[in-house]
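Consider the two complexes below, in which chain A is the common component and chain B and chain C are the respective partners.
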Partner chain A sequence: MRLYKRQWYIPYLFIAPFVLSFLIFFVVPTVYSFALSFAKYPGYGVVKWIGTKNYYNILHYSRFWDALGRTMFYWIAKFIPVTVISFMIAVCLKSSLLGRISKVYKPILFMPQVCAVTASALIFGLIFANQGGVINSLTGTTFAWTESATWSKWVVLLMMGWRGVGWFMVVYLSGLTSINPEIYEAARIDGANAAQSLFHITVPLMKQTFLFAFIMDAISSLRMYTEAAVLTGNAGGNASAVAEGLLNLLMTNLNSGNFGMACAYGWIIFVIVCVVSMAIFVSMKEKEDA
Partner chain B sequence: MKMRSLQKILAILAVLTLTIGMVGVASAEDKVPLKIMVWGQTATMENGVKTILENNPDLAAKIEVEVVAGGQGDPEVAEKYRLALASGVPCADIIQLNYTQLSEFAMADAVLELDDVLGNVWDDMVDAAKVLCTFDGKIMAVPGAINTKLYYYRADIFDECGVDPTTWETVDDMIAASQKIQEKYPNCYIYNMSKASGAQDYGLYMLFMSFNARFTDDEGNYVLDSDPGVRKAFETLKKFYDSGICYDATDFSSGWEYGLAHGELIGQLTSNWFRYFVGVYAPDDSGKWTACEWPTEIKQGSEAGGSIYVIPTFSEHPEEAKEFLRLFRGDSKMAEEQFWSNNAVPTLKSAFDKITERAEHSYLIGNHDKSYWQIEYDCFNNGYYSIFPYTPKAAAEMSIVNSYSTKFFSGEKDLDTMLSELNMDLTMQIGNPFE
Partner chain C sequence: MKQSSLSKLLLHCFILLMCLLAIYPVYIMISGVFKTASEIALNPGGLPSSLSLKNFERLWSYNSGSILRSYGNALFVTFLHTALTIGLSSMAAFAFAKYRFRGSKWMFLFLMATMMIPMELGITPLYIMFSRIGWLNTYVVQIIPFSANVFAMFMIRQYMNSIDNALLESAIIDGASHLRTFTSIMFPCCKPVLGATALLVALSKFNDYLWPKIMVTDAAHTPIMVILPTMSEKTDIFVIPKELVMTGCAIVIIPLIILFICLQNVFMSSVTIGSVKG
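This part shows the complex of A and B:
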């Protein structure tokens, strides 16, 4: 007992590396960026405090609202089709119908997730080029897929979806694996067909997995940057104004040396991600309780 | 015994290690390490360094040059510069910047004046280089690449159609010439602009300079809604856009590359850096492309000035950096050598006079008895070179201007509304760019 008292600090020593690195590399920069969001700061020299002006300017900037709307579009318009497709693929891969072939399909379907986003965006750029692009050449059209206000966001969305299917498939596969096969067996004995098993056993038991996937997708979609920047970017590397998301606006300010404004964008994105995640969590929880 | 032998061996090893270490330190101390930060590939600068050091053994014995890439483009280099200023940890002794960024760092007193580097050769420098080195009446930089306006075109097709772009006075002349070419080559275009986004980035700014446009007044208030130059630039570009002479592709897009490669885009109002790319995208058309000045009505100005080299105030070896830059851009013989080894167009008249007669470009041809290099060089001294008055917030401004340009060209907003809203957004998002 006396020994324990004398060595009270030992546990703290063990967790000290994590706590210290967490403080230095996370807490301090977070607090610093929050403070900078109330300042005008080019990255060096004098920090000029301007109160909530950065936030005021952002919230009164039409481009911010356009980007916010587009970001929401990228998230919501992508989630439903990607979830349906990847869930169906996961169910197929899990079933005994495909047998050993499923081992070949899994890595192939996951491949887009492994490919560098930049490389994927360049390939999509070639496919959707207005002059000599694959799609326009096949259809005989000259749509400015990656430049027009109407089409560019759909191309970005398509690329995000194409990349997302593999990731969702893996998540759903792991969810399907966790369901006890005895439940299916019991249902089969009771006369349930495949569709009934899917909708009355698999889907309800996958609710937590769907919730996890939905929240993770919301976070990643709200922080989308590279797809728009590379696919629709101009010579300066900024995403086109007709396709950019919120993070692209943040990066534009960062590249321009507007650190205060960039921090304010960062905190707004953080708040949006928190609100959206909480809303999803609460609504799913309420349904579960009901 | 064994133990003693082991101790001896260890002692010898320790002495050897110390000796080698000290020799190493001594030899490293002999030479001053000089770090040069550039963007993109380091090969060009490394070739330049090699040429300088090979021809100047005294300097080679004194300095050890390391060329590092600060990023893919100039914004990343500027970001590293800012980070070094904020942290107090030097990132390089010589930094390559775009002229657009000079005002930010010069106004923050973060670059050294370079009077003593270029002062001796000032009278020998081409006019454009003098403009490019100067900020607020002081020599703050050494010229890298001078970006002048040039119109590049397929000489074979133009000649066949009887069109001579060197005679174009106005934009209307250019539009008429395009129609003449399209009678024979309906799929060929002599200029490019995206139908969806209109003029963007440097394509827009080159026209701003044609009409001496300004974004701010002397107090730093944005005046785009009332500046006649800004208005005239947008009107002129809209004239191009509406005329139907433009190939529907933005520069460096996949469509643009396709147009060049397939002989559909046969002309381009651009800058002299185009020579680096035309041979890459249209390799089969060697000996067919040439260049001339822009139509008189819009030939004033440049494309963002060009690239420059500065010595940051945090440089640990400013004297050696100055000595290097003096040879790099302020020495006629070295300028000549660099042209032959690196295609670096000299910024000194004396150097250029020696090479023009002998030099031929490997891809581009000349016209009207001028070699390609002579055409480019003449633009350095034609009296039309000037640089847009970039503010320290140039990058942020360009992003906002681009977004409004799209709205104007797509027909979403008329010119008056667009300029008024653009001015309002610049004022709100940036405030006074000089503060």
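This part shows the complex of A and C:
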């Protein structure tokens, strides 16, 4: 506003509290963590500089690669089925065939996303519990789902998928809304049937939306923590080694006072997030240009 | 026409099946609330035999009332954190939306760019920092950090941009101070966006597990989300009180679902803004 010109400091006063809080709780710790990732520091005594040894150790640690592989599994093995299902749901809800009742379906389908992660994990814990669990009582077995090396990650995946469908559904619904209905009208006049207009109009036009969902899902999968920690966790709150993601490893190091190592994990996660989102973005861009 | 009614039926079946799958775990939780320990062990998936609310009573007194206390902690922390975040963010948003000042452009861009950086990077230094100044196991550590919420600031600024400058200028001509213009003119004008942002900030605070898990270990200050999983830990009790765990889940999930039914649009808009994916 021009009227304020004489008192130049006014806007700075307005942003000062925000910037101060931002500097203290975000910028300073982030910079400090970069420095600390090159050090060995147990929380007392002196900070010992050890160069890139933290990174070296992590990259030569099989548990890191296991966790990274599992994270990729959580991401891809969830994204594909969940996208197919929620895209189908979105198309159904959008179509005029369902009528007004789709207003009732939509919130029901979104509801899992509203349920707090911690509580959802506990409910899934009961469903898959080895003694008195829902699945085991149905099948009459006492299989320890959440402790099994092969199955615990599927339980975590199922829960992430259950919570995810509502999220993807809303994303795809908003993507569908942005498509001009006249295109369908034109296709219909040209004699295209429903399946043809779905695969030749809707899917190509939704590319940007799929890309958005894929990147957002990659970031959130790489940073997943609570699901594995609560569902498969032990008393210390660390996830079981057969289901943990990258962030669980960071927390394990933080809990045991390996602060330099924990910082290094943080930066590795950050770099992976950047690389993955860039790679998806670039590859999709190239496809579009071709 | 016959084919169309068949496909209509198929669509309904598909959507209904999906709805059932979405509801099923919630049903398991609610049926668990009304069951006794032996009932849940024998028949975890079935309907409860009676609708007694005894589990709630037991939950209140469980572990000398720690559940009720932690619920209060969570609400208290969520309320203050949200109020602080909205205060700081709306002030900054006001400056970015309505003033031209040196550095405003690059500062804003810088803040936007930092949204890419995950908060986990700073978590270790913050832990060291808070342990030094004695903030671990307090309410303060749950309230003050991350009150500079860039996403909230951005959302509020977008809305403020659309408000007519003439309104503010007329206030100044009438002799209102800068702060007065903000509190009496801008703040009431932005009520819809402030409400929506506050809800999203409050939800992510209330549902947060990671931050209080690291920073708070003392039971007196722990929010409910951290207490709930400890109920099923096998260290202190060998038999997990599953019916109480389900009751505990119900007291956090049911209010969230009621809130969601009332404010569906705000909940769903959070998705497309691309901020929170929990």
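Keep this in mind: the second predicted complex is superposed on the first by the 260 of 290 C-alpha atoms of A that agree within 3 Å, B and C clash if a C-alpha of one lies under 4 Å from a C-alpha of the other, contacts with A are read in each partner's own complex, and residues count from 1 in each chain.
Rule of thumb we're sticking to: a contact is a pair of C-beta atoms (placed from the backbone, for glycine too) under 8 Å apart; a residue touches a chain by one contact, two chains touch by 3 or more.
Owing to the predicted nature of the structure, the values given are computational and were not obtained by experimental measurement.
Student: Specify the outcome, clash or fit, for chain B and chain C once both structures are aligned onto chain A.
Tutor: Here the two partners, once superposed via chain A, clash with each other.
Student: Which partner chains sit in contact with A:Gly43 here, chain B, chain C, both or neither? Use first/second/both/neither.
Tutor: both
Student: Would you sort A:Val203 into first (chain B), second (chain C), both or neither based on which partner it touches?
Tutor: Touch partners of A:Val203: none, neither chain B nor chain C.
Student: Touch check for A:Tyr61: first (chain B), second (chain C), both, or neither?
Tutor: It touches chain B, and chain C stays clear.
Student: With both complexes overlaid on chain A, does A:Ser33 touch chain B (first), chain C (second), both or neither?
Tutor: The answer is second: A:Ser33 touches chain C but not chain B.
Student: Now for A:Ala186: first (chain B), second (chain C), both, or neither, which partner does it touch?
Tutor: neither
Student: Between chain B and chain C, point out the one touching more chain A residues.
Tutor: C
Student: With the two complexes superposed on chain A, say which partner A:Gln131 touches: chain B (first), chain C (second), both, or neither.
Tutor: The answer is both, since A:Gln131 touches chain B and chain C.
Student: Touch test for A:Pro17: chain B only (first), chain C only (second), both, or neither?
Tutor: After superposition on chain A, A:Pro17 lies in contact with chain C alone.
Student: So, A:Val275: does it touch chain B (first), chain C (second), both, or neither?
Tutor: neither
Student: Under the contact rule defined above, give the chain A residues that sit at the interface with chain B and also at the interface with chain C.
Tutor: In chain A, residues 43, 125-126, 129, 131-133, 234-235, 237, 254-255 are touched by chain B and also by chain C.
Student: Once bound in the complex, which stretches of chain A touch chain C?
Tutor: 1, 3-4, 7-8, 10-12, 14-15, 17-22, 25-30, 32-33, 36, 43, 85, 88-89, 92-93, 95, 97-98, 102, 105, 107-127, 129, 131-134, 137-138, 162-163, 165-167, 170-171, 174, 212, 216-217, 219-220, 223, 225-226, 229-230, 233-235, 237, 247, 250-251, 254-255, 259, 262-263, 266-267, 269-270, 273-274
Student: Taking the touch rule as given, give the residues of chain A at its contact with chain B in the complex, in rising order.
Tutor: Going by the criterion above, the answer is residues 40, 42-45, 48, 57, 60-63, 125-126, 129-133, 142, 144, 146-149, 234-238, 240-242, 252-258, 261.
Student: How about chain C: which of its residues touch chain A in the complex?
Tutor: So the residues of chain C in touch with chain A come to 4, 7-8, 11-12, 14-15, 18-19, 21-23, 25-26, 28-29, 32, 40-45, 87-89, 91-92, 94-96, 98-102, 104, 107, 111, 114, 116-129, 131, 144-148, 150, 153, 165, 168-169, 172-173, 178, 182, 206-207, 209-210, 213-214, 225-226, 228-229, 232-235, 242, 245-246, 248-249, 252-253, 256-257, 260-261, 264, 267-268, 271-272, 274, 277-278.
Student: Can you list the chain B residues touching chain A in their complex?
Tutor: Where chain B meets chain A, its residues are 72-73, 75, 78-79, 82-83, 85-86, 104, 108, 110, 194-197, 200-202, 247-256, 258-259, 262, 264, 392-393, 395-396, 398-400, 402-403, 406, 410, 412, 425, 428-431, 435.
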